[in-house]
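As structure tokens, the structure follows; a few thoughts come after it.
Going in written order, the chains are labelled A, B and C, and every chain counts its residues from 1.
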Amino acid sequence: MRYLPLNDADRRQMLDIIGADAIDDLFADVPAETLNAAFDLPGHVGELGVERALSAMAAKNQAASAGPFFLGCGAYKHHIPATVDHIIQRSEFLTAYTPYQPEIAQGTLQYLFEFQSQVAALTGMEVANASMYDGSTGCAEAALMARRITKRKKVIVSGGLHPHYAAVTRTNLELHNDDVAIAAPDPAGADDIAALIDEETSCVIVQNPDVFGNLRDLGPIAEAAHANGALLIAVVTEAISFGAVKSPGEMGADIVVAEGQSIGNPLGFGGPYVGLFATRQKYLRQMPGRLCGETTDAEGQRGFVLTLSTREQHIRRDKATSNICTNSGLCTLAFTVHMSLLGETGLRRLAALNHEAACKTADALGAIDGVEVINRNFFNEFTLRLPANAEKVVNALADKGVLAGVPGGRLWLDNPDTENLLIVVATECVTDEDIAMFAEKLAGEI
Amino acid sequence: MNAQGRPSRPDNIAATDAPTFTGNKALQIEEDLIFEVGDFAGTGVDFPEPDGAPSRLGGLERDAPIGLPGLSEPETMRHYVRLSQKNYAIDMGPFPLGSCTMKHNPRLNEKVARLPGFADLHPLTPEAQAQGALEVIDVLSTWLKELTGMPAVAMSPKAGAHGELCGMMSIKAALEARGEAATRTRVLAPESAHGTNPATAVQCGFTVDEIPADKTGRVDLAALKDMLGPDVAGIMVTNPNTCGLFERDIRAIAEAVHDAGGYFYCDGANFNAIAGKVKPGDLGVDAMHINLHKTFSTPHGGGGPGSGPTVLSEALAPFAPVPYVVREGERHTLVETRRAAKEEGESAKSFGRLTAFHGQMGMFTRALSYMMSHGVDGVRQAAEDAVLNANYVQARLKSEMTPAFDGYCMHEALFDDRFLKDTGVETIDFAKAMIDEGYHPMTMYFPLVVHGAMLIEPTESESKRELDQFCDALLSLAKRAKAGEADAFKAAPVHAPRRRLDETAAARKPVLRWTPPIPAEAAE
Amino acid sequence: MTVKYTKDHEYVRAEGDVYVIGVSKHAAEQLGDVVFVELPDAGKTFKKGDDMAVVESVKAASDVYAPISGEIVEANSAIVDEPAKVNEDAEGAAWFVKIRASDPAELDAMMDEAAYAEFAAES
């Protein structure tokens, strides 16, 4: 077996030194009747065979780059520079563990520090952690953090929050019998969420741009929340929007959670992704997840260590801020390498190109008879109202090679208010030809 | 004869560690932060000029500077390559972190994970265009269910701790269905448990009590029985446990918990010791997470991403989270929402959703590639070799070091610090001295039940030759400690990119991000 | 002046009509370098045994329980600003809070200095 260095002679020699007759002597504590169970599974296969089998499965999928592609809703197709994938495959990054021995893990620690600095700048917040699993779990963790800070048990969720994020939050908060009020889907992006906040509210969760692509000023919601002693949690699922849209920090958010996949990480059918998590300095100690901090070594040289670990499970155990242990290490590296290549100049330009592509796509599709663009404003994602069930249209277009967007029925099951809605995203990867083909096929289908 | 020939022997090299002008040490190159290297107007990507059409951002344009440096491509490459050279990694040498399972990460896994059909696939792609992805999930599920002997598996947990959450949420939902959620509020876990266990239980709204250990480092069955009662929701027990020992009474433990009306959550962090040898389902387990990044070789990546599929017993399966894959003949479909699950009758009780989308697909493809490569025969051989290697290390080291418990271990060997008594050397000093010898230290000060714990997990990836050198190095360190070289240990490491770091200063005045230096005039 | 100690390593020292509370020198040594202290605001009331304060080193975090019931009169902001003081002078300048006791009889069950010294040596 190619992954195992020991041969039978080694094994025999080692057993002799151990003083055991046979390998199963070492398994003597296992109940005998359960040892060496029978398994209905195949035997080992060479590299060629495995590659062939998995390639056959991969070939049954339609990759985003295989044709015109307009899907978003929490996962976005962006170009990833070749440098990013090369760096994250370096052995010293790929095959390292969590940097618990800082003297021989400065590489990981320094990029985590750079990552935290980038995330704080992007979100407009004071501190960011070294990442969560993804945006949706970060959202639930933010609601739990607000609960610890305010000691209240009521969460208000905007109708513009991605329904998966809302569901994850509800699943986690229900464990404590908290009240999670999720507003109805709000394609217009104008629900009066501020009016729902009262003195029992722990936090209000608002996504911007929202799941339908609408942008809104979070300022008035932040004011209403703060007037009632509640926190504003701002959610961003498209991190490229940080390069164009006023940051949640500038608009008064207390906690910002974002999906960082758009920067450096592939679509990957939903994971692994990288959750960005940032907050105000005053809430630092209630933050979940790892933090990397600057310090000096015994010779006075600058170095980095994991710090404030007493918040975490391996020290605080039942009183930890969260049970999270693993973070998204390698995905944070991909994020920070891509972000370093972009810089502010590149990010702003990339965001402008996304916005431009979306404007063109919206104009082309909105010109089709019977198709209405709902949004008054948007970044790179917007929502169409079709004269027919959007899921059927999407499936028909998929058969013609166009992945047309996310139909309402995929996110809100059996909801007549959303079943004709089609959420469309256009990134820098979309060409004029893609837009023309989408418009042509869509017009033919409805 | 060439009198101009350069010296070919290092005759007159002075044995000093003279400082260099740059601070660099040959291949060890100091590297500043990107914020110090980069230019705030620079960029390493080429984009076309936007056409400047009017914005439709509704007046929410970001006008203020963000404060992000950009680096050209060569600067970026050099920056991160230099950083990488300050890291230790499995690909460089033994990484014997107990309980963490740092085994070889095959590059075939990386290759298949990057096939465009997997890496470039949107999670909301219509089902007909994503059949291959759903098939991967289904085939991997089949492997995991068969290897564990369990009837169901939830694939969406993002990491081990997330899998624990999944298992404990399933238990809570099952108790709710029985009408006992309000009364069964206690969870029992050994003191030797991973910190995630008590943290998870509390995150699910339970309280936690500690199960005492017996003298052999295992759960004290009699004490456990005394603690069980109508207020106990279940137990969380790691098996093999964090002392590297198999819980001999595992079946009696499961039976006692079930008799008392509770559930058995098994922390599967150490499943790699028994995969292909024993089915946890045969031991009475109700739920167990599997760390794909430990047992099934997906890379640790400097702290993630992980993946924690969680197998469930018949009793807990109906409460599994959405989404999940259902196969009918050749066709795979996704059950995406709790409401859809309810319409499926038996699945009506799903506890909800753990994450957006379907879990760590990129880890699924890697783990499946590993499993198919090994086959069930290879998985079994890997478990046997891991246990063999750990016992070999224990046998070779016991002349100078002190194993915490008598007898054979499973996949990791636990030592305490008795052999360092009165030497002035502590566990941390011993660990730091290993760094100078070119090794990553073992897990130290965990589990908490052993004083100055050193938990060594060599894994099956180490050759005998590598293990022999490792053992020789540790034996020599132990002898040096006993010979009174405490000062050298206290100073270690001296050959690493950094000496010991001041964690106290880092925690007292946290500096968690780069901030621009204050200009000299403003500072006055 | 008498000092009393709890099994959780807090001390209580009478000072006029209030009681000064902190963690023992032994506890401070066990914790290692203290990096963080969180104290309750003046005016808050606690029952004996309630979580009252937090003290942390790099590798450990400890809750400090109210050793007696009563109302917080003053919290020592100096140790919040400079947690290192706890290591320097735990039973002197680095006191945690001053409490107005609602039931001074609660002190009776606590250890005196000699008993605590013996207890600390064993633990």
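Following the convention adopted for this analysis, a residue touches a chain if its C-beta (ideal position, glycine included) is under 8 Å from a C-beta of that chain, and two chains touch if they have at least 3 such contacts.
Please read these numbers as outputs of a predicted model, since none were measured by experiment.
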item: Per Cα centroids, the chain farthest from chain C; value: A
item: Chain pair, most C-beta pairs within the contact cut-off; value: A-B
item: Separation of chain A from chain C, taking each centre as the mean of its C-alpha atoms, in whole Å; value: 44
item: For chain A paired with chain B, centre-to-centre distance based on mean C-alpha positions, whole Å; value: 20
item: Between chain C and chain B, distance of the C-alpha-averaged centres to the nearest whole Å; value: 38
item: Residues of chain B engaged with two or more neighbouring chains; value: 503, 507
item: Junction residues of chain C - those touching two or more other chains; value: 36, 56-59
item: Touching two or more other chains - residues of chain A; value: 310, 315-316, 319
item: Chain C residues within the chain A interface of the complex; value: 36, 38, 56-61, 63
item: In the complex with chain B, residue positions of chain C that touch it; value: 33, 35-36, 56-59, 83-84
item: In the complex with chain C, residue positions of chain A that touch it; value: 285, 309-310, 315-316, 319
item: Residues of chain B defined as touching chain C within the complex; value: 445, 503-504, 507-508
